[in-house]
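Two complexes follow with chain A in common, the first pairing it with chain B and the second with chain C.
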Partner chain A sequence: MLTVTALNKTYPNGKRGLIDVGFELQAGTVTAIIGPSGAGKTTLLRSLNRFITPESGTIELDGLELVGATRAALRQARRHIGMIFQDYNLIEPLSALENVLHGTLGDKRLLPGMMGLYTHAEKKRAMALLQEVGLAESATQPAKSLSGGQKQRVGIARALMQSPQVILCDEPIASLDPQSTATIMTLLAKLAKQKQLTIIINLHQVDLAREYADHIIGINAGRCVFDDATAALDDAALARIYAQEEAMVNG
Partner chain B sequence: MIETPVTSGLEPPQLDLTVPKGIRSRSRTAVRATLGTLLLVTAVGLLTLAPGQLGPALLSLAHNLKLMFLQPHLGQDTLAQLLGALGLSIALAAYTTIIGAVVAFACALLTARNLAPAWLATTMRTLMALIRAIPTILWVLVYAVVIGLGTEAAVVGLSFHSVAYLTKAYAEAIEAIPTAKLDALRTSGARPLLIIRHAVWPSVRGSLLSWTFIRFEINFTNAVAVGAAAGTGGIGYYLFMASAFYFDFQEVGAIVYLVLAFALVLEFVAVQLRRRTA
Partner chain C sequence: MAELTRYFSHQRRVRLLVFGTLLALLLLAQVALQLNVIEAATGVFAGWGWLVANFAPIASAFPALGEISWQLAATVLIAIAATMVAAGVALLLALAGARTTSHWPLAQALIRPFASIMRNIPFVAWALVLLFSFKQTPFTGFLALLLMSVGYLTRAFMETLDEVGHGVIEALEATGAGYWAIICQGVLPAAAAPLVSWLLYMIENNIRDATLVGMLTGTGVGFLFDLYFKSFRYPAAGLVVCAIILVTIAIELSATKLRQVLNA
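On to the complex of A and B.
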């Protein structure tokens, strides 16, 4: 379970990124964060693994508090938080398998890590994960030769390699065609149920949020204005979430 | 998507693309006038510099060039000696390049802005720019004062400049890796050293190899020059002796061809290397 309370973030230029954001997410669910551009979706997502450090508030993952955590404790906690990105962020010259094995680096001790030694068990698990995302036959291909959708699946396998409790997805389908989008979103929804993961996805498309998410968090101008099951997302709620944008369009 | 205006195809699009004439022709006139003046000054200068000697001087230049390049011949030194000396120069170049590459990789990690803190990156960058601003040969001479004329000064001096040169090249290769890719591993809790080993190194090793090879070519040139200038030995020393000491232009030609042959080999390897890493 991931519990967030009273998260605040102000940027050096005085812009308020997050204002008193709080919510609670259950394992085994997909949560979509939606809201207008610049509302603070990315700031929120990146605060969750303290990639951005909030000034106040708490983020608690299975009893471990992240906002006040020391560097070592944070590194420990991050092992349980996987992340996937719009641009996949794979190491392009390396094979798909090697990229998946990068998911073990958080647990690696320095010496075997520097020598690039992976145990047989790790390699087997990486292969199993590639199989799970449907890319076992591309394991030895360099990442740069894969298509966007395939790269994102390697990214997911890399995140899964961490045996995470949480996977943060930063606009995971923004660079993909509709078919790959469906593949990725279905895969994420399936994995959340199967592995009891807490999956949090930043999305621009309300339709996709409706279709794949169990829970929706609506962010507007740094505030959490909606936090409920997907079924509760009605027109009034949408109007609230996207209020600023319409105000701007209408002058 | 850029919208292109749709035309029916019946009427030609009304385009008004007249180039303002004044600017172009004025700058062209200026260029022509400058070049013409320079040509005139050069011609007058050459003719008045050494009246009557220009002809004989050109003839003797042609004669010497002919001796060097059309009639190369070994004189004082045997081919074995020259090949040994060439080997020495190559070894000096290789040795200093390897030292430079190893030290420079460590320095580059402290210079690349996506790895090192900003203050350190800026300090390293400035330091390396200062070292690079002074030519390699001067560094060799500086170290010759410190260590004494000879091989040690050449090795230290050549390595020193190689480090500064390669640090810049390596750091720029590292900076070409999008920060987000490194962040992706940081967010999984990986230690910085492991990120360098598993993300930075595989991403840059191709361009590192090409840069190192380019530096090897530069160091070979320097090693030849240093052989004469700092008494390091090698093919440069033989070249210096043959030309300035014995005035044996035929041997100078032979040595130049020897160096040229090796330079061609280097060029060939460089092309192959580039093809493979590209």
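On to the complex of A and C.
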């Protein structure tokens, strides 16, 4: 279970990124974060593994608190939080298999980590994960030769390699075509149930959130204005989440 | 309408000004150097004729071939050695200085200007300064090339690391990986092709420069050319030039091939 309370973030330029954001997410669910551009979706998601450090509030994952964690404790915590990115962030010249194995680097000591020494068991598991995301036959191909959808599946396998409790997805389908989008979203939803993961996805498209998410968090101007099951997302709630944008369009 | 006319007449004035300035500079140069462009042009042809007649590596020059090959090999090896050592130093400096890979603001602030200074001092100046301390030895040439290359490669490597760095580092930081694991397993593999490309470029350049440095430091194939030239053994000197051209082209071609393989 992931518990977030009273998260606040102000950027050096004075812009309020997050204002008193709090919620609780269960294992085995997909949560979509939606809201207008610049509302704080990315700030929120990146706070959850402390790529961005909030000034106050708490993020608790299985009894471990992240906001006040030391560097070592944070590294320890990040091992259990996978992340996938809009631009996949793979090491392009390396093979899909090597990219997946990078998911183990958090557990390695200095020298094995530097030299990329992986155990036989790790290699077998990486292969099995590639099989699971449907890329077994591309395992030895360099990442740069794969399509966007395939790259994102390698990214998911790399995250799974960490045996995570949480996977953060930062606009994972923003660079993909509709078919790859469906593949990736279906895969994420399936993995959440199968492996009892807490999956959190930043999305621009409300219809995708409705289709694939169990739970929705709506952010507007840094505040959490909706935090409920997907079924509860009605027109009034949407109007609240996208309030400012409509005001701007209507002049 | 009036604005459009004004805009185009302004453009025309700017172009006329640039062209006029260039023409004036050329005329000034002619007067200052008492140089006549037409005479110079015909002179070039006469010069080439003299060059071909005297420097053609005729049969009498070929006994020198053994000596030339040996010195040429030595020069090439010095250039390669200087570049490789420089690359090692430059990579560490670049890691400490690049925005994406550096954890040390002080190093970031110092390394960039340091590299610029090193790069902008020409290797000939380095060689002249170093001659005082290290005399006319191959080591002086090695050091001169090394110092310039460190500056050049540090700048180039820093830019390469900054280009590939951010997403790669973020992806591996998210797994909880440590700094050196991120560098060795993420950043360096991602940057390998451009890094090697810079290295090859530097080797090519240094081989050319090494022959020049040799003239100053009295070593290698540059010195041999100087020696032949001053002792009026023009065909042998011509043979040195031909050998240098051949080796440079060969290195250039193999570097291009290597780049193609790496980028495939």
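Here is the rule we go by: the second predicted complex is superposed on the first by the 251 of 251 C-alpha atoms of A that agree within 3 Å, B and C clash if a C-alpha of one lies under 4 Å from a C-alpha of the other, contacts with A are read in each partner's own complex, and residues count from 1 in each chain.
One rule holds for everything that comes next: a contact is a pair of C-beta atoms (placed from the backbone, for glycine too) under 8 Å apart; a residue touches a chain by one contact, two chains touch by 3 or more.
These numbers were taken from a predicted model, which means no experiment stands behind them.
When both complexes are superposed on chain A, chain B and chain C end up clashing with one another.
In the superposition on chain A, contact of A:9 is made with neither chain B nor chain C.
In the superposed model, A:215 lies in contact with neither chain B nor chain C. In the superposition on chain A, A:151 makes contact with neither chain B nor chain C. Of the two partner chains placed by the overlay, chain B and chain C both lie in contact with A:89. By the document's definition of touching, both partners, chain B and chain C, reach A:78.
In the superposition on chain A, A:41 makes contact with neither chain B nor chain C.
By the touch criterion stated above, A:105 is placed in contact with chain B and with chain C alike. In the superposition on chain A, A:162 makes contact with both chain B and chain C. When the two complexes are laid over each other on chain A, chain A has residues 49, 51, 75-79, 81-83, 85, 87, 89-94, 102-103, 105-108, 110, 113-114, 116, 158, 162 in contact with both chain B and chain C.
Interface residues of chain B facing chain A in the complex, by the touch rule stated above, are 178, 180-181, 183-191, 193-195, 197-199, 202-203, 206. Partner chain C is touched in their complex by these residues of chain A: 49, 51, 75-79, 81-83, 85, 87, 89-94, 102-108, 110, 113-116, 155, 158, 162, 168.
Those residues of chain A whose C-beta lies close enough to touch chain B in the complex are 49, 51, 74-79, 81-83, 85, 87, 89-94, 98, 102-103, 105-108, 110, 113-114, 116, 158-159, 162. Here chain C touches chain A in the complex through residues 167-168, 170-178, 180-186, 189-190, 192-193, going by the rule given at the top.
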